[in-house]
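Shared chain: subunit A. Partners: subunit B in the first complex, subunit C in the second.
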Partner chain A sequence: MIKSSKRSEWHYLKKNSELLLLLLPGALLILVFAYLPMFGVVLAFKDFHYDLGFWKSPWVGLQNFKFFFVSDTAALITRNTVGYGLTYMILTTVISLGLAILMNEMGKRWLRIHQTAMFIPYCLSWVVVSYLALALLDTQNGYLNKVLETLGLPTHMWYLETAPWPYILISAYLWKNVGFSTLVYFAGIMGINQEYYEAAKIDGASRWQTATRITLPMLSTLITVLLILSIGHIFVGDFGLHYFIPNDAGMTYPTTDIIDTYVYRALRVNGDIGMSTAIGLYQSIVGLVLVVTANFVVRKINDENSLF
Partner chain B sequence: MNTSPQAVAAKSVTVRETGARKEPFSIVILLSHLLFIAITLAMIVPFILVISISFTEETAIVEHGYQFIPSDFTAKAYRYIFEAPLVLFRAYGITILTTVIGTALSLLITAMLGYVTSRRDFRYRTPASFFIYFTMLFGGGLVPSYILIKQYLHLDNTIWALILPSLVSPFYIMVMKGFLSKMPFEIIESAKIDGARELRIFFTIVIPLSTPALATLGLFLSFGFWNSWFSALLYIDNEKLIPIQLLLVRMMQKLEFLTSNSDFINQFGVDTSKFPTLSARMAMAILAGGPMVCIFPFFQKYFVKGLTVGSLKG
Partner chain C sequence: MKVWKRSMAHLALASLILVLMLSACSSNNNTSSNADKNTDTPAATNNKAANDKTANAATTDDTTKNEPAPAEEPVELTYYYIVYDMPADQQEVEDAINAYIKPKINATIKLKPVMEAGYKDKINTMLAANESFDLLWTSNWGGGDYDNKVAKGALLPLDDLLAKTPDLKAAIPDVAWDDTRVDGKIYGVPNMQIAAKAEGFAIQKRFIDKYGIDVNSIKTQLDIEPVLKTIHENEPDIIPIASTSNLFDFGRQYGYAAQGYKLGDPNFKIVDTIDKPEYKTFLDTMRRWYTSGYIYKDAATMKDDQLVALLNTGKVAVEWNTTMKPGGEADDKKRFGNNDVVYVRVSEPEFTGVRPTMNSVSHTSKHPEKALEFLQLTSTDPTLFNLLTFGIKDKHYTVIGDNTIKINQDGGYKTDQGWVFGNVLIGYLKEGQAPDTWERTKQLNETAKRPEVSGFNFNTEPYKTESVNIAAVGEQYAKALNNGAVDPAKVLPKYQSALKKAGVDKQTAEMQKQLDEWLKANGKK
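== the complex of A and B ==
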């Protein structure tokens, strides 16, 4: 062992050279598009000027962070990002698990139609979905206002109000995503050995018992892996949903604005490079901490289910 | 696995039983059928609304609002769009071009990275894997990439800005690696003994053997490229390079401006009801989203497979 490690590294490089060659193009792309931006976060500590460029812009210490965290927006968009993220995660998991279990109980007959219908929204981008939302929510012509009118209820100027947006955004998210995760969980259930169910049936287990004592435990690995993956996303908001569905309408910001949309506007509208980099860095670090913690907790409870 | 004759017999019996099992009328089953019918309707109904708006006469929309059954049916919106089809076709062209090039390149690179990191005898496997997967956990954020691509690589207003940044996805590499690790190593070993070199093994043995995984990933990738708008939103200003999704974004913003700004309309005497703007907008949304709705539901099985393969440790 010692002898072989004393052989020059050059020997191994040559021996692995062709595999390294296969690695090279992808590694270069990752280096440029993932690692260089990581070093770019030093812009968070600089006062960036386009004419001075990356190297010559002056250092400003923590001023960019201070500027952001002193404002009320910091708390607001953090609350929105985490609040929506958690709600999406919990509701999607619970609802799609429930639907998948129900699907399993139902006959196969109508299943395909339901599955296809539930999958369609997943195929569309948020941009297209925002047109569907507009058809329902448009103040003048929108269908929802017409329904409210016929019912004798007050109509709403949806894009100018704050209160309805949590409900609208959550509905839109579920509408687009529940179908797909239901399919994933349903595929997981299909993978469970049928003999368990037969044995349970012989023992006289009820539907509820088979669902809670067999299906859920057997799916626990799939559920935790998907949960860990989405916990990392709690701090990465769904930009498309929060930008296009409210139509980037200023009046809705208190309840729709998340870190991602805020950074986008800070960059594109205000051109504030320093502060938007600082917020991005804050987001990345918290996201990292969340995934690592979640994985650590899962590993403590059950090593099998952890991601790494 | 127990493959004794009894077990096989028992299995076939249970299969027959479940096949013949007629559930007695159950309130739970009835309710879940109703629930799923409601869900299916909720998924479909917005599309019907948008389709019917796109076929409604503009004056009827202004008078009655959006309706499920057009009170004044017309295909004017589509005629209006196809009278000047260049904008739409060019946007389709850009989207198709980025989807084809992006998917092909991305598949190749994903396969290469997945293969190399799946080889247990590759000396630099651990550092290479760390190099790839660390990017899943931490990133520089939007702004540094934006400045890099715009100021230093000068990729803005080229279709490469739509392709290059999204070529490598660690998650897909993980899926690919999971698939390839299940491939028997003896195949590669025997090819090596026969004197085949690594590149040859990869292109003539590994790639053909991984067609199922490549097909699933290709589906995901083309789906992602077709539906992507974020890079276009950031990097494309040139009218000639707008992909279909960005065209929709632009149209939403412009029409909002036209229809919400009454001073503008009064001042120039533009009568918005003469132009089928409201229905044309929905017609464009249908033309942009339609291909996806028609193609991808047929592949739903493979989407699910791709995700479950990747998310389970392999």
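== the complex of A and C ==
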């Protein structure tokens, strides 16, 4: 019995050898950059000294975690991190699904233009975008204030106010990321057998009906997989977005600060490897718990769609 | 699903083996190449010895004389330091330096300039990776990170090594060496420059002349108000004052020492200055100036590079300056868009120590003695110092007078950062600096008033949890408040309560304990 199972495994490997070979470089990269460094989490429980090194530095228990949890703003920052994470996830999914379905209805020539226009922001770094944002939001010379002025509306000191930032950050995030996920969903739609659509057309289904009755159900696996994956990132904020777009301006922190920016700011002066590792570990653990829970829930509802 | 899982396990195993093999290969390579190096010289000498057997006695003598030479192969040192502008001709200057120092100390140097913004991260990453390098620039501000690096064991104590470089020890006064000590040990070689600082204003000369401003009437920071008012009312295109950090020095204005005690207090009681009524008064004044239009509207959110660009336009009339170094007007003229500036002091020069710029030896250094020999040269040898600071003669600068040069702005090495490398007092003067600049600097260093607690430094380790959170709170509120950009009546109470919650009382108590111990040990209390 053992023999036969071994043979079938070997057969399986042989049959898919080309595909597995293609997978190998990616798997190696993940191993080197995601799994090997995991030993480093030990530092979260140590008071790291360069001359004592990794092994000999003294253990300090949970001391490195303390600074974050005793800070007055821990609750606020957690709220911001999770709130923004959820909003980004939900809005990106809804909007890019909608756009992907619309693109499916579009002529080839227009399609290419739209794809390119939507995809370009994804390639820009937040640092570059932050200068664009500054040109818009600058108090004295910003485009937005000039427009408000000509319209006779009161101008704002954007970088000193808290209220506008959720809207600004969410718009910036969507502007940058929707293009990419639209492409992913669009590729998913392209993979759906055209016969369904032809059959629906013959039966006289409206466009709305084809979208809700064929496209969405056929994409449900892809949607849930992408959702589960992004749930793991809810607790790991987008540092670039939250640091560069508000220009690291102090008065905006109540609505822009997330774990990543807070930790960066707190440790910028007193760069402590142990403390930074501790927060990284905390974020990873929460992320893992979220992914496993989400997967568990999905499996309860529909086993087919779950990730593992 | 099952097949998939099993094959994953195989794949993981296969890739793990591959990684191990790769790492084994690379480490093999290393050891074998090292072994090659080691065996190389004996084999060569053996050959020589064999040949010598047939030769006469005289040549044998020669080879034995040459024998120790291979052991003293020139050492290559690596030196990381901060720059604000990457020089284009770095390699060329490095080659010239190596040609100069190799016969002197039998070592070459690999210069590794790192841009200011990434300096601290780069050094910390290299230290964490246990990478071998020899020299690094350190300081008590910004990326230099001296205290923290000492506390974390990243730097070598230099006391014993300095015994072997007596010229270096002698070139720098003992007060300067003492200022670098942590728990009695020296971890940094101070770069000699201005070590006495005064505070005051840099004011564009054209406005002083135009409006007949009496600079002698400016005795304290708040006396600048009429100047700002005049400029604001008469020069609509000019920004009266701009800065990126705290606009003024609250402690100076109201008589608090940097450590937080009231000057003249026999008990040296450290207080939370943010909680004092004077701070509220100070902020109210700043707010009034801001709303009157004296302070640049974006001051609270502007970054350093934006300020540099703004100053370059020549549109800023006044800047708060916390160094007031002799000859500084020449540098500031360039910064202010080639407009002459006048320095107006509001405080007496005070010895602020040498910690703002030092060079240290990494604990990963393989040649600490050679590293110190190199620093000995940068502190005592004008030729090397000028090469490092100004580059190559007639290419990067031209000599225009007795020990005075003009930097070629298109020359590819215009960084002009003598303060990073060694003793600026042995270097060239720049166009516009008076011939007695270095004499005045030396004199100022010697005569400057010494603060009562000169030599004392806080050790943040015992209150690290509090200090990181206090730092974060400070970044949220301080800049906007100190520049008058927000209403102190609304924001100051929030700042104060956030500080309290971050543990400012515990920090103050711990600081007081350390200061008291130091005062007792030094017989001042």
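We take it that the second predicted complex is superposed on the first by the 223 of 308 C-alpha atoms of A that agree within 3 Å, B and C clash if a C-alpha of one lies under 4 Å from a C-alpha of the other, contacts with A are read in each partner's own complex, and residues count from 1 in each chain.
Following the convention adopted for this analysis, a residue touches a chain if its C-beta (ideal position, glycine included) is under 8 Å from a C-beta of that chain, and two chains touch if they have at least 3 such contacts.
What you see is a predicted model; the values in this text were computed from it and never measured.
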item: First, second, both or neither for A:138, with subunit B first and subunit C second; value: both
item: Which superposed partner A:94 touches (first subunit B, second subunit C, both, neither); value: neither
item: First, second, both or neither for A:34, with subunit B first and subunit C second; value: first
item: Touched partner set for A:265, first subunit B, second subunit C, both or neither; value: second
item: First (subunit B), second (subunit C), both or neither touched by A:51; value: second
item: Partner chain(s) touched by A:251 [first = subunit B, second = subunit C, both, neither]; value: second
item: Per-residue touch tally on subunit A - higher for subunit B or for subunit C; value: B
item: Touched partner set for A:301, first subunit B, second subunit C, both or neither; value: neither
item: Partner chain in contact with A:153 - subunit B first, subunit C second, else both or neither; value: neither
item: Touching partner for A:70 - first (subunit B), second (subunit C), both, neither; value: second
item: Doubly contacted subunit A residues - partners subunit C and subunit B; value: 12, 16, 20, 23, 27, 32, 36, 48, 50, 53, 138, 140, 247, 267-268, 273
item: Touching residues (chain side subunit A, partner subunit B) in the complex; value: 12, 15-16, 18-23, 25-27, 29-30, 32-41, 43, 48, 50, 53-54, 99, 102-103, 105-107, 110, 113-121, 123-128, 130-132, 134-136, 138, 140-143, 145-146, 175, 179-180, 183-184, 186-188, 191, 194-195, 198, 207, 221-222, 225-226, 229, 232, 239-240, 244, 247, 260, 263-264, 267-268, 273, 276-277, 279-281, 283-285, 287-288, 291-292, 308
item: Subunit A contact footprint on subunit C (complex, rising order); value: 3, 6-7, 10-12, 14-16, 18-19, 120-121, 124, 127-128, 130, 145, 148-149, 152-154, 297-298, 300-301, 303, 363, 460, 464-465, 467-469, 471-473, 475-480, 485-486, 491, 498, 501-503
item: Residue ranges of subunit B in contact with subunit A within the complex; value: 11, 14, 18, 23, 28-29, 32-33, 35-37, 39-40, 42-44, 46-47, 49-50, 53, 61-62, 65-68, 109-110, 112-113, 115-116, 119, 122-124, 128, 131-133, 135, 137-148, 151-153, 164-165, 167-168, 173, 197-199, 202, 223, 227-230, 234, 245, 248-249, 252, 256, 278, 281-282, 285, 288-289, 292-293, 296-297, 300, 303-305, 307-308, 311-312
item: Interface residues, subunit A side, partner subunit C - complex; value: 8-9, 12-13, 16, 20, 23-24, 27-28, 31-32, 36, 48-53, 63, 66-67, 70-73, 138-140, 157, 159-160, 247, 249-251, 253, 262, 265-273, 275
